[in-house]
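You will see two complexes here that share chain A, one where it goes with chain B and one where it goes with chain C.
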Partner chain A sequence: MAISNRKLGAAMFLPAIVYVLAVIGLPFVLAFIYSVGDVKIASVGYHFVGLDNFRSVLQSPSFRRSLYDSIVFTVATQLVVLVGSTILSIALKDKFRGRGIVRFLILLPWVAPVSLGAIGWKWILDSIYSVINWLLVAIHLVRPFDTPMWLGEPTLAMISVVAVESWRLLPFSTVILLAGLTAIPRDIPEAAAVDGADFWRTLFQITIPMMLPIVNVAILFGVIFTFTDMTVVYILTRGGPYDSTQVLPSLAFFTGILGGDLAEGAAISIFLVPILIAVAYLMLRVAHRTEVA
Partner chain B sequence: MATVETRNLTKVFKHGQPGAVNNVNLETREGEFLVFLGPSGSGKTTLLRMIAGLEEPTSGEVLIGGRVINDLPPRERRIAMVFQSYALYPHLSVYQNIAFPLKAQKVNRELHKQKVDWAASLLGIRALLDRKPRELSGGERQRVALARAIVREPSVFLLDEPLSNLDAKLRASAREELELFQKRVGTTTIYVTHDQVEAMAMGDRVVVLHQGIVRQIGTPQEVYDEPEDTFVATFLGSPPMNLVEAEDTIVGFRPESLLPAEVLVHSSRSEQAEQVRREHQLGTNQGNIIPLRFRIDNLEYLGSERILYGVLIGTRFAEKEVCARIPSRLGAEIQVNSVHDFVVPESALKFFDRASEKRTAPRAFLWQ
Partner chain C sequence: MGRGARKFLDRFAHRFIVVAFSVLLGFPFYWMFITTFKTTNDLYNLKNNPFIFTDYPTLEHLKLLFNETRYLTWVENTLVVGLFVVVITLLLALPAAYALARLTGRWGQRLGIAIFLTYLVPPTLLFIPLSRLVAILGLQDSLWSLVLVYPSFTIPFSTWLLMGFFKSIPRELEDAAMVDGLTRFGAFIKLVVPISMSGILTVVIFSFTLVTQEFVYALTFISSESHQMVGVGVPIYLVRGDVYYWGSLMAACLITSLPIALLYNVFLDRFIAGFTVGAVK
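This part shows the complex of A and B:
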């Protein structure tokens, strides 16, 4: 019996399509439906309420605060990751003794489960048991009983979540940049050396500009990962203190799941969609351009 | 302007393995066009990269302008290099590419435009200044690379097979241009190639390298006519020199010295024969020629000349493979699978010691 190639192809594709529809499509559609209804946890029935939920969300100070925090969190993380991974990738490009081990160690945060890493950091930043504070006291930089509350003060808490998120994303970005760096032909930095450029000029005028397309890819991936991530915030600060580290995904979770207001939670997550679509579009364009060049 | 000198320059990449460059001693002359010629793996590029400072010598010294510069980084050696790939900066325009060495050397900013214009017009690429390297053809890229090399008026040019990425036709014209250009700017130039035609055509002198060892340094004429060993004799010339081996001697003669016997017949009215006779100084004195019987097995027609491949017949070198290169109008009757009388002028013979493969003085040699 001959099955036409078309049918066979469609059949082969089916599992993937079913998977995407069930795991991504269905919740996505549900979120849309919930965001324009009055669904609460354990409520029966559904009433269409139009854009009421969005109106209410927009008026809530928590939401505005979270939107602002999300942007600060994402931009700050990307800045740290970008500078860090550029330095790391350049340091790791050339061979040296133990490079394999260093590369492995740097990759670790990425392969370790995020919750595990975040819990580790929660202890490192703990108000009483913090090893950082212990060290600061030991070297007489701060006085005992007057140590910084890493997760308890608004600015410090934001710095802490940014630091941990950066720690987590650094390996991924480093690997991407390393790939981009290795793709630069050896001749080019050599030509720059012969032309009279020192290390810094070669770095800023030749190496980094030539890495830009791949840096874009790293940034866009990083933005999506950071903007949609709530694990680090949830484990470290639960959005506190006073919502100062609350990001949109964690706010949606607290409102919709823990707070029981599914409709408003859905409305908050829907706000992520246009931003993520714009980023995804840019990402695809940049990836395409990189491929062509 | 400066000269380049190497003293016992050696590069060993892996400890215990034979070196890529071994004890190279050479010295350029002021404004000279020196060519490093050798097959791939002969160490010519490694030698050039050591002079440029891109490769650290295992031992030995590099001198530019009489000063040891082993410890100077490339940027302080006042050299310019053109890479085989041209290594243009892909994200910069042609103008920015050419201006890059000026910026890197902190040349006064006001002079940039003037100098870039000078370099670009010298190479005829002023119309391309706004383009990016990827919008240029191979020949244009090569010019941009050259312009970038000359713009800051270096004391030495290093060129690493700059023509090998061009197609055959462009290569010939680029070769001529490069030659004229070098004569005009008069900068000491070291040029690496594996192409003997390029080496012969462009070089004031040629350094023949093999397995990291300098086999011979000389003018194109010297390395071709007076090869110092059998490697140089067979590496230069196409087809290579014929070598026949006797007890302790190797005798060589160029394919163009193996001539049909008819050129000796004075009654032949052929103008071509007369010309060949004059070229090879074949007089009436029959003593200075060696007669050989030659069976032609294969024949290549190359327009103005023909290449005959075959074996010697008779004598003690019977069945020895040799080849001849003769003007096409000569020996019209010569065809594949026929045996003919050929001659070699005795003056064309080169003698080599069989053990060392080095050139020796002419000696008595028995052909029978």
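This part shows the complex of A and C:
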């Protein structure tokens, strides 16, 4: 009985694992093989070239710039999302009238296709017809015809892509934190209130520490989603101006797919792997800790 | 400060936070809406207040979108790919999830975590080798390339979700069915699958919305306008030369996003349960 269960289990599990290995495992390994080879889009055959691609990548100013931009993009987005979603999840914790519709509005950025949300922002940040600029002119913060070029000036462009990425991830992080908040037994903050702790003390000494495990989960997913995303950057700026918003995934796309140099593109995307491994490791630790607890 | 004043202030702060975030997060969709129905003249006149209609609303952008662009072709492509991906996902994830929940014992938990971790491997790491594999299979510029590749991210998460779902079904149900003469596999097909319909529906919706949200693979594998998916076709091909037809572009964004958002919203709590399993008790 037990043996036949095991065989049946393997038979039922195998198709899925074979599929996933073929479509994730195989290209994952190929990415490493390409990165030490000379594969171009139209080339035939494969020659091992050692670390040549990595050498040329590391010497390229575009790569250094995009490594730096990727880190700025990821860290800045996580900070904005973390602060925003903590405030928002605490505000949404208790029931109030209209919570359903507020929840729907707040979730829109996450559930709508990311490329469509991003193109919406491109219109909002338009160089001539930006509604933000119209507002700034209307309240006399800037002069007409001297309005900020949100996507055309390096620092503003980085701020813009961080803002849009944060806009997209904030809902996800908020619902994850909400799940954590509702899991905190109600009587603990209430007991603290009875003992005379005010809102802020309860918040910083009880609620936030108790949220920490779930905050970890939100940050880990957030880092992966941000560090490996190229959609927002591709749609808003194409990495420009002057590579000032170029991130590793978009550079890999421009080099490997549009530029046709698959090997060098693969070498660039390999730089995503250390972060992936670190996050996977931390996630397993979170999973393990809660299993033990 | 008196208690009443304090309470009033708290409520005011709460309202303010909720309203501010709703406006910040929802604004682009309001913007899509108002752009969709504004006359071109109204859109591009900087003297007009952009937040409201100065001219009467118009349907010209919607007419342009439906009559003179490939928008409906992209929607159709997305639906077809979505359908195939959902079927493949169910065929593979359902048995795998059941095996992990019931049959593999101690290994189940570890294999489950392993399959979940594959969800973390991003398309932006795989798209370069995959573009070559797709070419070798002769699937460049074909929707079949997407049908083949998309299950790579729907299967792991669906398996994970369904595994949790199956674990919540009492074992005694299957044991009783097996005493009545069903095989283990028979009990899975005839008993477990039918009572898991709400879990299956969640996976269907989830996989489908993931297909509509995907961008990188469709951008990489599909090169002709008529084979494109809606998520790439709208932001890439509704731009003519350097001119953006903002009215029809925003109309397409709005019409595509709203149904997906409504569907997703209904099933949201289950997805979140999938992401937070383990970390929340």
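Note that in this section the second predicted complex is superposed on the first by the 285 of 293 C-alpha atoms of A that agree within 3 Å, B and C clash if a C-alpha of one lies under 4 Å from a C-alpha of the other, contacts with A are read in each partner's own complex, and residues count from 1 in each chain.
Going forward, a contact is a pair of C-beta atoms (placed from the backbone, for glycine too) under 8 Å apart; a residue touches a chain by one contact, two chains touch by 3 or more.
Everything numeric in this text was worked out from a predicted model, so none of it was measured.
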- Just from the overlay, do chain B and chain C fit on chain A, or is there a clash? fit
- Item | Contacts of A:I159 with chain B and chain C, given as first, second, both or neither | neither
- After the two structures are overlaid on chain A, angle v-u-w for chain B, chain A, chain C in degrees (C-alpha centres, nearest 10): 80
- Query: Does chain B (first) or chain C (second) touch A:V273, or do both, or does neither?
  - Reply: second
- Message: Under the stated touch criterion, which partner chain does A:A197 make contact with: chain B (first), chain C (second), both, or neither?
- Response: first
- Message: On the A-aligned overlay, A:P185 touches which partner chain: chain B = first, chain C = second, or both, or neither?
- Response: first
- For A:V49, select first, second, both or neither according to whether it touches chain B, chain C, the two together, or no partner. neither
- When the two structures are overlaid on chain A, which partner does A:V72 contact: first (chain B), second (chain C), both, or neither? neither
- Message: By the touch definition at the top of the document, which applies to A:L136: first (chain B), second (chain C), both, or neither?
- Response: neither
- Task: In the overlay, work out which of chain B or chain C sits against more residues of chain A.
- Result: C
- Across the superposed arrangement, the tightest C-alpha approach of chain B to chain C, in Å, is 6
- Task: Under the contact definition given at the top, report the residues of chain A touching chain B in one complex and chain C in the other.
- Result: 293
- Counting only contacts in the complex, chain A reaches chain C at residues 4-6, 8-10, 12-13, 15-17, 19-20, 23-24, 26-28, 30-31, 34, 39, 41, 84, 87-88, 91-92, 96, 102-109, 111-124, 128-129, 131, 134, 144, 167, 170-171, 175-176, 179-180, 183, 199, 213-214, 216-217, 221, 224, 228-231, 234-235, 248-249, 252-253, 256-257, 262, 265-266, 269-270, 272-273, 276, 279-280, 283-284, 286-287, 290-291, 293
- Message: Looking at the complex, which residues from chain C come into contact with chain A?
- Response: 10, 14, 17-18, 21-22, 24-29, 31-32, 35, 43-44, 46, 50-51, 88, 91-93, 95-96, 98-100, 102-105, 111, 113, 115, 117-118, 120-133, 148-149, 151-152, 155-156, 159, 184-185, 188, 209, 212-213, 215-216, 219-220, 230-232, 234-235, 244, 246, 249-250, 252-253, 256-257, 260-261, 264-265, 268, 272-273, 275-276, 278-281
- Quick one: in the complex, what on chain B touches chain A? 52-54, 73-75, 77, 79-81, 83-85, 87-91, 100-101, 103-105, 134, 148, 152, 158
- In the complex with chain B, residue positions of chain A that touch it: 185, 187-188, 190-198, 201, 205-206, 209-210, 212, 293
